[in-house]
Amino acid sequence: MAVVFSKPKSLTDREFHYCPGCPHGIIHRLVAQAIDNLGIEGRTIGIAPVGCAVMAYDYFACDMVEAAHGRAPAVATGIKRALPDRIVFTYQGDGDLASIGMAETVHSAARGENITIIFVNNAIYGMTGGQMAPTSLPGQVTQTSPYGRDVATQGYPIRICELLSSLDGPHFIARVAVNNVKNVNQAAKTIEKAFRNQVEGKGFSLVEVVSACPTNWGMTPSKALAWVSERMIPYYPLGVFKDADEKEDRA
Amino acid sequence: MTVQILIAGFGGQGILFLGKLLAYKALIEGRELSWLPSYGPEMRGGTASCSVTISTEPVGSPIITNPDILIAMNLPSLDRYEGSVKPGGMIFTDSSLIERPVARTDVKAFAVPATRMAVEMGAPNLANMIILGNLMKQCPDLVPYENVGEALAKVVSAKHPEMAEVNLRAIKTGFGL
Amino acid sequence: MSEKVLMKGNEAIAEAAIRSGCRFYFGYPITPQTELAAYMARRMPKIGGVFLQAESEIAAINMVYGVAGTGKRVMTSSSSPGVSLKQEGISYLAGADLPAVIVNVQRGGPGLGGIQPSQSDYFQATKGGGHGDYHLIVLTPDSVQEMADLTGLAFDLADRYRVPAMILADGTMGQMMEPVVLPPERDAAVADKPWAVTGTENKRPHNIINSLYLAPDVLEKTNDERYARYAEIQAKEARWESWMMDDAEYGIVAFGIAARVAKNAVTHLRQNGIKAGLIRPITVWPFPTSAVTGACARVRAMVSVELSMGQMIEDVRLAAEGRCPVTLCSRSGGMIPEPQQIIACVERLAKGGK
């Protein structure tokens, strides 16, 4: 009997706890697939955030560390400095990376730490039940912006890729989405590149994955994916924001 | 034997350096010692003080409340610490900068025109070493002249080894050699 | 090997850490411990180690958490306000059973406080400091020699028990220079750490460094297991110096710089015919309870000498179990008690006062 589809080796058999329709499962798979493809599962160490992906340490089959809220890039820095030949990645959400952990994010990027960051942006705090995130869109209704995010009092969303790509430190900054097959395939390639960069010693690589949260957005999964196309991607355009490889090619 | 030396002056007068030199001499001579700087937020100027205890026994508290010897490099330091010196103790002052004499009559006072002497020998920053030379002369048991070169080698910045020679000249001048 | 060198306490800690196999240091500048970071910055690159000035104390302690997870010896240092910032990370280290060494060269508080020596982080250091049920092993040096010696011990104890250890020093200890005999170099490869995250090499199930246990019964179990280790530490690792206590009628309990001042006071008191003695905790967690309890049965009164508004005195009172009165003699805010203050306090007690 031929196997036509299988789970990546880099995922454990543990059943995901994520909500039905949540793209975290897809993104986990893309990360695991990249690790498999590069053959680095035995020397990879992952860092889970605080947020919906907090229990990612049970899902990835490599060695895992659970970090305090927002501190994953600092923890990754410590591990990578201690074990430079290991592949170190963090998997973080928008509250973790772009709010409470902003300093760790910016400074690990500025230092050009040779790590890979997978940043899942679903514009909301999922685990705590749907509060406003630093990436929630203007007007977006959440538990803590019940009348819609009012930019006059609650400020504007933060575009992480645009922000970080202004730094000299990072090697690779890109934004992808997982709202349709085409985008998922592109995300797979981009995430693998972000890992390959580290294997090749190129330095800091961050991939922002525009995701969805049907449960806390109060939408069906398919409506949520439509909202990603109609609302999220226009605010968070997809593409490569910085790639030091290309700069070298041009030079 | 335990002798507590308090050195005080402006930041930049080499207060800590003088203390370090005393500390290294004591180390070389196999004595027990402690060296405790005052530390403040300012990097330049302000007041600086340094407490050096030299002893034949393990040093108790490194904090000096009543010194046996006070080296006052400026007037505020003399004003502040003169009263704290133990009866029978010694006060060394840089009399180029401190116009008034030591008021206490129960201590031995040594007014050394250290800054003027330093200027005259072409090393205006080394009033601290002039005073040290004088201290060595007055207290040969506590701070013998021997080993001063070895101690200087430890304290002078590795970047400026030539400074050891200049410092030694200032010490000799203070000693009266 | 036994050559004495002259060093600041802060530098002695740094050099002793390196000689104990520590090759990773993460910190953030703050007075009065900055010499420690500066020393590491100079030395680490020369010996293949890592010095990193982190963006914050919070980041520094989490870098420590990362390295500790790989099983390597790692240190951070700060002073009181900075150590407050590290508390979150310290709680995680404790919750994930990671060995690491944290140095607190204390200054006066609360808030930004001052920069002069203090012991007012005693509660924070010994009673947890961060959230949750946990302790650190807390060592309190009273000389530059002990700054060096206790640093090596802190690494060993942290590894042995998988408990983070703290050197609780103060501005005086950090800034002062004394002759010190440095410990010999030891190999960086230390205890076997099968729990460490080093990459599975596809040869073992994945290791997880974690402090999250959503099932309360499981979390309780991890706490019970950790407290069993704490009990062992309390039974085996309490350290103290008993000085002139054999015939003492008045006991002083003091650590660090306060103990140095207290020794002077004891000497004076004995010259004045009052039999005083000193118990100097070298660990304040575990607190040398048995030593203090035993002494309290023999003395007329006990005095807790501290650079705080009175923190250790609570542990002294608990240990006294009502056997003798316990009095506080302290200064705070960066002030240091003078021997005369302690002498006066004991003389007052000897005359029947309180």
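A few notes on this one:
We call the chains A, B and C, going by the order they appear; numbering starts again at 1 in every chain.
Everything that follows uses one rule, which is that a contact is a pair of C-beta atoms (placed from the backbone, for glycine too) under 8 Å apart; a residue touches a chain by one contact, two chains touch by 3 or more.
The model shown is predicted, which means the values in this text are computed figures rather than measured ones.
Of all the chains, the one whose CA centre sits at the greatest distance from that of chain B is A. Innermost chain of the displayed assembly, by C-alpha centre distance to the whole-protein C-alpha centre, is C. Rounded to whole angstrom, the centroid-to-centroid distance between chain B and chain C, based on C-alpha atoms, equals 34 Å. Chain centres here are Cα averages; for chain A and chain B they lie 62 Å apart.
Averaged Cα coordinates give chain A a centre that lies 39 Å from the centre of chain C. The touching residues of chain A, counted against chain C in their complex, run 12, 41-45, 47, 54-55, 57-58, 60-68, 71, 74-83, 86, 103-104, 106-107. On the chain C side of its complex with chain A, the touching residues are 24, 26, 50, 52, 54-56, 58-60, 62-70, 72, 74, 88-89, 92, 96, 197-203, 206-212. Within the complex, the chain B residues that touch chain C are 20, 23-24, 27, 32-37, 39-41, 59-63, 65, 154. Residues 4, 6, 31-32, 115, 171-172, 175-179, 257, 260-261, 263-264, 267, 336, 338-340 of chain C are the ones that touch chain B when the two sit in their complex.
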